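First chain A sits with chain B, and in the next complex the same chain sits with chain C.
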Partner chain A sequence: MSNRRKSTLIWLSLSGVLLCAVVLAGALLGERAITADFTRKNLPPCPAFPFGTDWMGRDMLARTVAGLSLSIRVGALTALASAVLALALGTASAALGGWVDGAVSWTIDLVMGIPHILLIILISIACGRGLWGVTAGVALSHWPALARLVRGEVLQLREAPWLRMSRRLGVPPGRLLWNHLLPHLLPQFLTGLILQFPHAILHEAGVTFLGFGLSPEQPAIGVILSESMGYLAAGRWWLALFPGLALVGVVALFALVGERLRLLLAPASAQE
Partner chain B sequence: MTLEGKDLTFRYPRRGASPVLEGVNFSLRSGERLGLSAPSGRGKTTLCKLLAGWEAPESGQVLLDGVPLARYRGFCPVQLLWQHPEEAVDPLLKLRDTLYEAGPVDRALLDGLGVREEWLERYPAELSGGELQRVCVARALGPDLRFLLCDEASAMLDLITQARLWRFLLDQAEKRNLGMLIVSHDQSLLARLCTRVLPGEG
Partner chain C sequence: MSHRLQFTVKKLIRMALLLLGVSLTAFLLMDASPLDPLQTNVGQAALGAMSPEQVARLEAYWGVNTPAAERYLSWLGGALRGDLGVSLLYRRPVLEVIGQRLSASLGLLIFAWALSGALGLALGILAGASRGRWTDRLIRGGCLLLSSTPAFWLALLLLIVFSVWLRVLPIGLAVPIGAAADSVTLLERLRHALLPAVTLSITGVSGIALHTREKVVDVLDSDYILFARARGEERILRRHVLRNVALPALTLQFASIGEIIGGSVLVEQVFSYPGLGQAAVSAGLGGDMPLLLGITVTTAAIVFGGNLAADLLYGVVDPRIRRGAARG
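Right after this comes the complex of A and B.
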């Protein structure tokens, strides 16, 4: 058990460091990622440009890092937004009951009933595309699963003798929520947040790839992949391969960390 | 003061039609110590939960001096000592936070119960049932307490600690003119403690 705890911690800090490094590098390389130089266009990977250059002579390594950094920022923002939304709605639903519960449960079913990608595209277009459109789209379509989990958890906690006791001892609702409910919901919240992250990145890239997300002048992974499609047939494989691999790498890393965290925190497997 | 249950009916959801309690009437006055003993499954604990406001009855009313108990805000004058103290404290909070949750607790009360200062820095899993129960008693004995419902409250204690706890509670009850409902399977315990013992049916 302590072994898994230790290795999870290592993985978690490793991903954290990588994340920060990519975001930082993205900010530093932002200028290089959009600098065109027609004297060096269409170079395959070489020592000076490990990821090659594109048809405008832009450094693909810089573009990949900048795109990844943008994806990570969008992913973190949307994962946080949807997890907080899920926590708030799930808790409100279970704690208040009545019509609030009915309304939230109905909305959960509604959102879950619509295919994700369709919903994201609709919301993104409605919000005017771009960074905020994508963020809103992904955040508003990804909260139901976690909200349902939180709702079930709160329903169960509400029945616990210690919570009833605290209520009869006159502890005000705000403190009940803060002192008693939130600490018990923290594991679900954190796991949900981290598992939400790769989802959010993939959806952002997907929607952008389809042309409903970030605008073409931004060096997002989705934009890079979608642009490179036209050049694949011409044999310029490096345009899609490295950015694609980088995206998959980040997503796989976070899926792995989230899964380990889930194993560690879920009661059924915590003591293995 | 009088704590009354009028025509109480209660059934647990999803457990078929038969009610646990049906048309139960109950009355307890300040200064009175009422013993209750009935075979398992007769609804003793359920009665305690209704009287302490943990559950709302399906029909009937719980009245404190003629006022519905649900109207009381803040510290409820009727407190229940739960049978399993380890379920009555939040497992993620240190005992200090649990103890002072309802407001300050009299130092003399803690000394009388033998609650040690170092327990308060621990989590519930690090204390025994008896130690936890003493913390629960201390927090239930707030200044606004009028009625204390003890549901098998001493079942997890050894005999010496049991005797100490009851002596302390009787002392408090007499000093503060508390009404007590004592639920136990132990007839001789009830005979020693109570001013009145209800027979048989809960």
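Right after this comes the complex of A and C.
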């Protein structure tokens, strides 16, 4: 499989294009997603409304796309924030050592000890719920795994010959970090970032579903699914099926791309 | 043996400190909340209609005006004596609420934990042993898809299929609606717990299977397997792979406790199952600080306890660690 690089690149650009398309479509369809029309309420899927309509006659396709675009934006923001946090803390922990290392390791254990959902709920409450609550919650709870990885990497790199030599030659620490350490961490960082993304989206949807995240007026996937719960017993399966399916599709795509990148960058499996 | 004891004591002290940290973190987060417990629970209209004395009494009940440090220290003092305070929503001791809710959830959690662990291990070994073939691809693809599926959506789907379309399983709660608590049979309880338990198990499988596969592939690539093959040994899987995968599998199994508990919060909410997870959600939405704090500390204690158990079991499973500890 010499063309794994190529196929990964194709998958990566494909998901990038899809991402932009959904965000764009979400912006365009935003108005349709909240327009109620009581002449067409509770329609099962049909050619005009492929995803059906809800009890207020809102087009579920438009709602799903708008919700997906909202989820992607929150997911990208939180994944980026937590990956940067992980990079900073992991590097600081390994490079400075001593009590900084102890404190960071202890905090990692602490954050990992509280189930994610519970921690996100707590942080979201601290921020007064809403968009920023859930964003802060997801960003602040997803960094430990990557931080641990970065820490291990930096610990190894620290003893690398070229780094020891530059240190002896008197290269200032800032430049050492920027020129010699960060380029080596970049692949780990990018893979971690992409693998962070599916988790971030899923947790945002889950916390919103529970009522601690985005407010009910916003067409987020979590809100849509939570609303659908009241109508499932009446047999309106399409309210839950399609929005969830779309979410699974996006998340699976990114999990796949992240996994392929990880395999490519790991020396043991790069040549498979 | 004294070495093992020393190790355990060290771990226990670290665990106690972490628990202290968890309680302080949770407390500070809840304290920082701009949400007013009175507004959330009593409502703006009702507050406006009350006399100032009534409002003052309510404020005292929800602890609005007591300084944060004083509240935390008094909570901590009580917690050390085994008193976690009184739940503001349920108006009963927090410990009692947690005990009751946990006993409802525990069966669910243990079933899901055991089933997802066993299934994940079996699938992971199967996939790793048949690396590159279609079984491997199938399992890997399935796991990828499963790990991308939100637990609560899966719960909704199962609910639609089994409760709405087929009508073979109840739609929610832990007991039939309107039935007296002592007239409910065990079978009824099991029927109500089945869907939540299955949902929870399915969501836990993928992580364990994928990680186990990774380990199996590592082991199969090792020199000792090559040597064993060269000697024409049979039953390599059982003699060499299983033994070497046992340690990471143990770690994975005990590390999955937190995830299972987290999943139960979502799944219990969908099935209106009156367990610990659902209590956490009501406590969070209702601003019931003592209960949410109690639940956070309890779940963290369970997670840390799991980690400790894994650390102790390493020595039991792996003779090298046991001997290493004795020598050191």
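Observations, loosely collected:
Following the convention adopted for this analysis, the second predicted complex is superposed on the first by the 270 of 272 C-alpha atoms of A that agree within 3 Å, B and C clash if a C-alpha of one lies under 4 Å from a C-alpha of the other, contacts with A are read in each partner's own complex, and residues count from 1 in each chain.
In this section, contacts are C-beta pairs under 8 Å (C-beta built on N, C-alpha and C of every residue); 3 or more make two chains touch, one makes a residue touch a chain.
Note that the coordinates shown come from a computational prediction; the quantities given were computed from them, not determined experimentally.
Once chain A of one complex is fitted onto chain A of the other, the partner contacts of A:W11 are absent, as it touches neither chain B nor chain C. Looking at the superposed arrangement, the partner reaching more residues of chain A, out of chain B and chain C, is C. Once the two complexes are laid over each other on the shared chain, residue contacts for A:S166 go to chain B alone; chain C is not touched.
In the superposed pair of complexes, A:S228 makes contact with chain C only, with no contact to chain B. With both structures placed on the common chain, the touch criterion links A:A255 to chain C but leaves chain B unconnected. Using the contact criterion defined above for the overlaid structures, shared-chain residue A:D109 touches chain C, although it does not reach chain B. Looking at the shared chain after the overlay, A:P183 reaches chain B, while chain C stays out of its contact range.
In the superposition on chain A, no residue of chain A contacts both chain B and chain C.
Taken in their complex, chain C has these residues touching chain A: 14, 17-18, 21-22, 25-26, 28-30, 32-35, 144-145, 147-153, 156-157, 159-160, 163-164, 171, 258-259, 261-263, 265-266, 269-270, 280-281, 284-285, 292, 295-296, 299-300, 303-304. Within the complex formed with chain A, the residues of chain B that make contact are 52-54, 73-76, 78-80, 82, 84, 87-93, 97, 101-103, 136, 139-140, 142. On chain A, the positions that touch chain B within their shared complex are 160-166, 168-171, 179-180, 183-184.
Only residues 106, 109-110, 112-118, 121-123, 125-129, 198, 202, 205-206, 209-212, 225, 228-229, 232-233, 235, 237, 240-241, 244, 247-248, 251-252, 255-256, 259 of chain A touch chain C when the two sit together in their complex.
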